[in-house]
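In what follows, subunit A forms one complex with subunit B and a second complex with subunit C.
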Partner chain A sequence: MTASDIIAILQGAVVTVTLSLVGILIGLPIGLGLALLRWGNVPVLAPIVAVYVSMLRATPLVTLLLLLFFALPNIGIEIDPIAAAILALVMNTAAFNCEVWRAALMNFPKDQFEAAQSVGMRAAQRFRRIVLPQIVRVSLPGLVNEMSLLIKVTPVLAVVGVVDITRAAVRIGAETYEPLPPFLVAVALYAPIVFFLVSLQRWIERRQAAAEAAA
Partner chain B sequence: MSKYAIASWKSVSRRRLLGLLAAQLVAPVLAGKARAASMDEIKKRGLIVATEDDFRPFEFVKDGAPTGFDNEMLADLRKYATFEIKQQILPWTGILAGVSTGKYDVAITAAIITKERKKSLDFTSPIADATHYYVKRKGDSSIMSVKDLNGKTVGVQAGSALLARLPELATMLEKTGGRLGKVVEYTSYPEAYQDLALGRVDYVVNTVINLNALVAEKPAVFELGQAVSGKSFPAWAVAKGNKDLLDYLNGFIAKQKENGRFAELQKKWFGKSFPDLPVAFEPEF
Partner chain C sequence: MIRDFGIVWSERDLLLSGLANTTILSVLSAAAALLLGFMLTPALMSKRRPLAWAARGFVDGMRCVPFLLFAYIVYYGFPSFGVRLDNWTSGLLALTIYNAAYMAEILRGAWAAQPPEPIEAGIAFGFSSFGLFRRIILPSLLLAAGPVIGNQMIQIIKDSAFLTIIALPELTHAASSIQSRHYVPFAAFITAVFLYWGLCLVVEAGVSWIGRRAEARR
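Then we have the complex of A and B:
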C-alpha cells in the first residue's frame, strides 16, 4: 500500500463521518418529532407514524437505498447517490430514534407534567424546561447506540457508488490483489470514530451529573 | 383508506393498514415504466455512463483516478462524442439494474453476454474474448488439468456469468467421471482470490483476461489453469431496445478497431489483442 492509498482511505473516512453526522443530525430531531406525534396521540398522524416506524424498522438499509435510488426516478424524481444515501440513512435512523425517544416519553412521570401545568407553564415551555432535559438524559445511551450502529452500516451506501472507508479499502485491495492491509487500516479508522462518539456521551453524562450535584 | 380504519387503529387489522400503505407506495413505482433515454435526449442532457471500481484490468481505481481498458476507451469516447458524458463509478451490484431501469444509459464495463441478460439488456460489439479459465494456487500439484477439478471447492462471483456457466464445467467433469464440487459465491473477485491464497477454495473461475492480469501481478501465488467454458464475450450494456444508442456505441467501437486504438488498448491491458472479435454475438447460454 502506498501513501496515496492511505489518503484514499482517509478520504473515505471523511465521507463516512460526514454522511453519518448528517444522518444523525437530521435523524435525531425527526425521530423526536415522530415520537412526540405518537406520544401526543395526534389523530391521523400518530397511526401513520406507527406504520412508518414498523415498516422502516423491518426494511434492511440496503433494500431501502436501492429502492430509493432506482425507483424514485421512475416516478419522476431524479436523485443522486449522495442524496439517496442521506435520505436512506435519515429515514432509517429516524425510525429507530423515534422508538428510543418514545420509550423515554412514555416513562416520563405524569405528576411532574401536572405540577408544571399547575404553576401555569404553557405547553412549549413545559416541554422545553421540564420534559426535554429529562428525556434527553434517559434517551442518551439508546441514541448513542443507534448512532454507532448508523456509522457501521455506512459501507452499505457503496452499492449506489458512495466511496466510504470500506469501499476505498475494497478498491485498493482490487488494484493490488492484497485486500488485507487496506482492511486493517479501515478497521483502525472505525474504532476511533465510534470511540469519539462514546466519549462524547460520557462527557455529557458527567456534565449532567455535576449539574445535578450542584443543584 | 377509510377513516374508520384509522380511527379504530388498535382494533382493526394492523397488517391490512400496513399492506394498504405499502401498496400506495409501491404502485406508482411499478406503474411508472422504466424508459431508456432516446439519442435526442442524450444529446441534450448528456450520456450517463456507469463503470465499475474493482474489476481490474477493465476498470479499477488507482491513486483515486479511474483507469483500465474501459476507462481509456471512455476517455476516447469523450473526444468522439459531440455531447457531454457523465460518469458514475459504482460496484457491480447496482450496475445492470441501473441500466435496465434507465438510471444509467450504458454500462461501460465487461458485462458478459448471456441469454438471461439479453432479456432485459442489449449488448454492443464484444470488447474482448473472455473465455472462462480456472486459476489455482501456485504449485498445487493436485490440479494439473480440468479433470482434476473433480469435487474441489470453487470460488466465483455471485450473480456473474461465470457462475451461470458453471454447469458447462460440470458437464466437462462428468465426461471424465467427475463432478463439480462445492461452489462458494463472492460479491467480488478480490475476496475470492484472497480465499484461494488462504486455501479456503481450491480454484477460482474467471475470464482469461482477469486471470492473466492476476497471475502477471502475483506470479508467486497464483497459476493459470485451462479453459472451463466455450466462447464467451464481454461487452457494454444498454437498456433493451435502445437501438439508437447501441448503433452509436457500435459505430464508436468500429472506429476504434479501424484506427488501431482498440488493439493497442487490448494489448496494454489484456496482454494481447483480439483481432477476430465478432461484431455481434448471440449467446448460447
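Then we have the complex of A and C:
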C-alpha cells in the first residue's frame, strides 16, 4: 500500500463524513416533524407515520438503498449514487429519530404545557419556548446514539458506487491483492469517529445525571 | 406494475430460500452471540483487572467498528493469516462475534441492575455457583433484558443483509438477483422489505410475549 492509496482512503473519509453530516442534519428536523405528527394525533398522517416508522426500522439500509437506486429511475426519476445515498440515510435515520423525539414528547409534563397556555402563549410560541428546549435535552443521548449507528451503516453506500472509505479500501485491496492493510486503515478511520460519539453520549448522560442529583 | 409482481411471484422459490437463509443466519448467530455474551459478561465484571480490561477492549472495539467492514475483514482479510472460510462460515462467524460484544454489554447492564437480595438468598440456601446462575440469576436476567435482546435480534436481521456483499444468498441477495435477471427493481426490493418487516414483527411479538410473562411472574 502506497502513500497515494492512503490519500485515496482519506478522500473517501471526507465523502463518508460529509454524507453522514448531511444525513444527520436533514434527518433530525424530519424526525422531529414526524414525531410531532404522531404526538398531535393528526388524522390520516399519524397512522401513516406509525406504519412508516415500523417499516423503516425493520428495513436494512442496503435493501432500502438498492430499492431507491434501481426503482426510482424505473419510474422516471433519475438519481445519482450520492443522492440515493443521502435519501436512504435520511429516510432511515428520520424513522429512528422520530421514536427518540416522540418518547421525549410523551414524557413532557402536561402541567407546564397548561401553564404556558394559561399565560396566553400561542401554540408556536409554546412549542418554541417551553417544549423544544426541554425535549432537546431529554432526547440528546438517544439522538447521539442514533448518529453513531448511522455512521456505522455508511459503508453500505459503497454498494451503489459512492466512493467512500469502504469503496476506496476495497479497490486498493483488489489492486494490491492484500486486502487486510486498507481495511485496517478504514477501521482506524471509522473507530475514532464512532468512539467520539459514544463517549459524547456517555458524557451527556453523566452530566445530566449529575445535574439531576444536584437539583 | 402488477406484471412485475407476477415475475417476483414466479421467482418465489428464490426469494423464500433467501428468507430462509436470513432467518437461519439470524437465529443461529443470535443464539451463539447470546451464549458468547453470557461467557463475556462475567469477564466484563471481573475483579481481575487484566481480564476485565481485555473484555472491555473487545466489547468497546466491536462497538466502534462498522459491521460491514468487520465482515469484509473476516472474509477477505482472514486468508492473509492462512484462515480461508467460505462465505457462509465467514458470514455466520462475523455476525456472531460482532453481536456477542453487544449482547455482553446488554447482559452486563441488566445484571448490574438486578436486585442483590434473591442472589444472597440463593447463596444462603446453599446453591452452588452454577446452580445459582441457572436457577436464580439467569431467568430474571433474561426476562429483564428480553426487550433489549429483541432489539438486538432485529439489528442482527438487518446486519445479515450486509452479507449480500460477500455473495451470501440471503434475502437481499435474492431480491438483487431477481432484479438483475428480470429488471423489476421496485417489485423485487419492496417484497424483500415487506418480508424483513414481517420477520421483525414476529420478533416484536415474541418480545411482548416475554414481557407479559415477566409481568405475570412479578
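Everything that follows uses one rule, which is that the second predicted complex is superposed on the first by the 194 of 215 C-alpha atoms of A that agree within 3 Å, B and C clash if a C-alpha of one lies under 4 Å from a C-alpha of the other, contacts with A are read in each partner's own complex, and residues count from 1 in each chain.
Keep this in mind: a residue touches a chain if its C-beta (ideal position, glycine included) is under 8 Å from a C-beta of that chain, and two chains touch if they have at least 3 such contacts.
Being a predicted model, the structure only gives us computed values, none of them experimental.
Under the clash rule set out above, the superposition-derived model of subunit A with subunit B and subunit C contains a clash between the two partners.
In the superposition on chain A, A:194 contacts subunit C only, with no contact to subunit B. In the superposition on chain A, A:170 makes contact with both subunit B and subunit C. With both structures placed on the common chain, the touch criterion links A:152 to subunit C but leaves subunit B unconnected.
In the superposition on chain A, A:70 contacts both subunit B and subunit C. Of the two partner chains placed by the overlay, only subunit B lies in contact with A:81; subunit C stays clear of it. Of the two partner chains placed by the overlay, neither subunit B nor subunit C lies in contact with A:213. Legend: residue contacts after superposition of the two complexes on their common chain; A:180 is shown touching both subunit B and subunit C.
Look at A:161: by the touch rule set out above, it reaches subunit B but stays clear of subunit C. Once chain A of one complex is fitted onto chain A of the other, the partner contacts of A:44 are limited to subunit B, with no touch recorded for subunit C.
Taking the listed stretches 75-83, 93-101, 129-137 or 147-155 of subunit C in turn, the superposition on chain A shows a clash with subunit B for 75-83 alone. Counting contacts by the rule stated earlier, residues 54-55, 66-67, 70-71, 74-75, 159, 170, 173, 179-180 of subunit A appear in both its interface with subunit B and its interface with subunit C.
Across the complex, subunit A is touched by residues 6, 9, 14, 17-18, 21-22, 28-29, 32-34, 53-56, 60-64, 88-91, 93-94, 97-98, 101-103, 188-191, 193-194, 214, 217-218 of subunit B.
Subunit A contributes residues 54-55, 57-64, 66-67, 70-71, 74-75, 151-156, 159, 166, 169-170, 173, 178-180, 183-184, 186-187, 190-192, 194-195, 198 to its touches with subunit C in the complex. Here subunit C touches subunit A in the complex through residues 60-61, 63-69, 72-73, 76-77, 80, 154, 157-162, 164-165, 171-172, 175-176, 179, 185-186, 189-190, 192-193, 196-197, 199-201, going by the rule given at the top. Remark: subunit A residues 2, 4-5, 7-8, 11, 43-44, 47-48, 50-51, 54-55, 66-67, 69-71, 73-76, 81, 158-161, 163, 167, 170-171, 173-175, 177, 179-180 touch subunit B in the complex.
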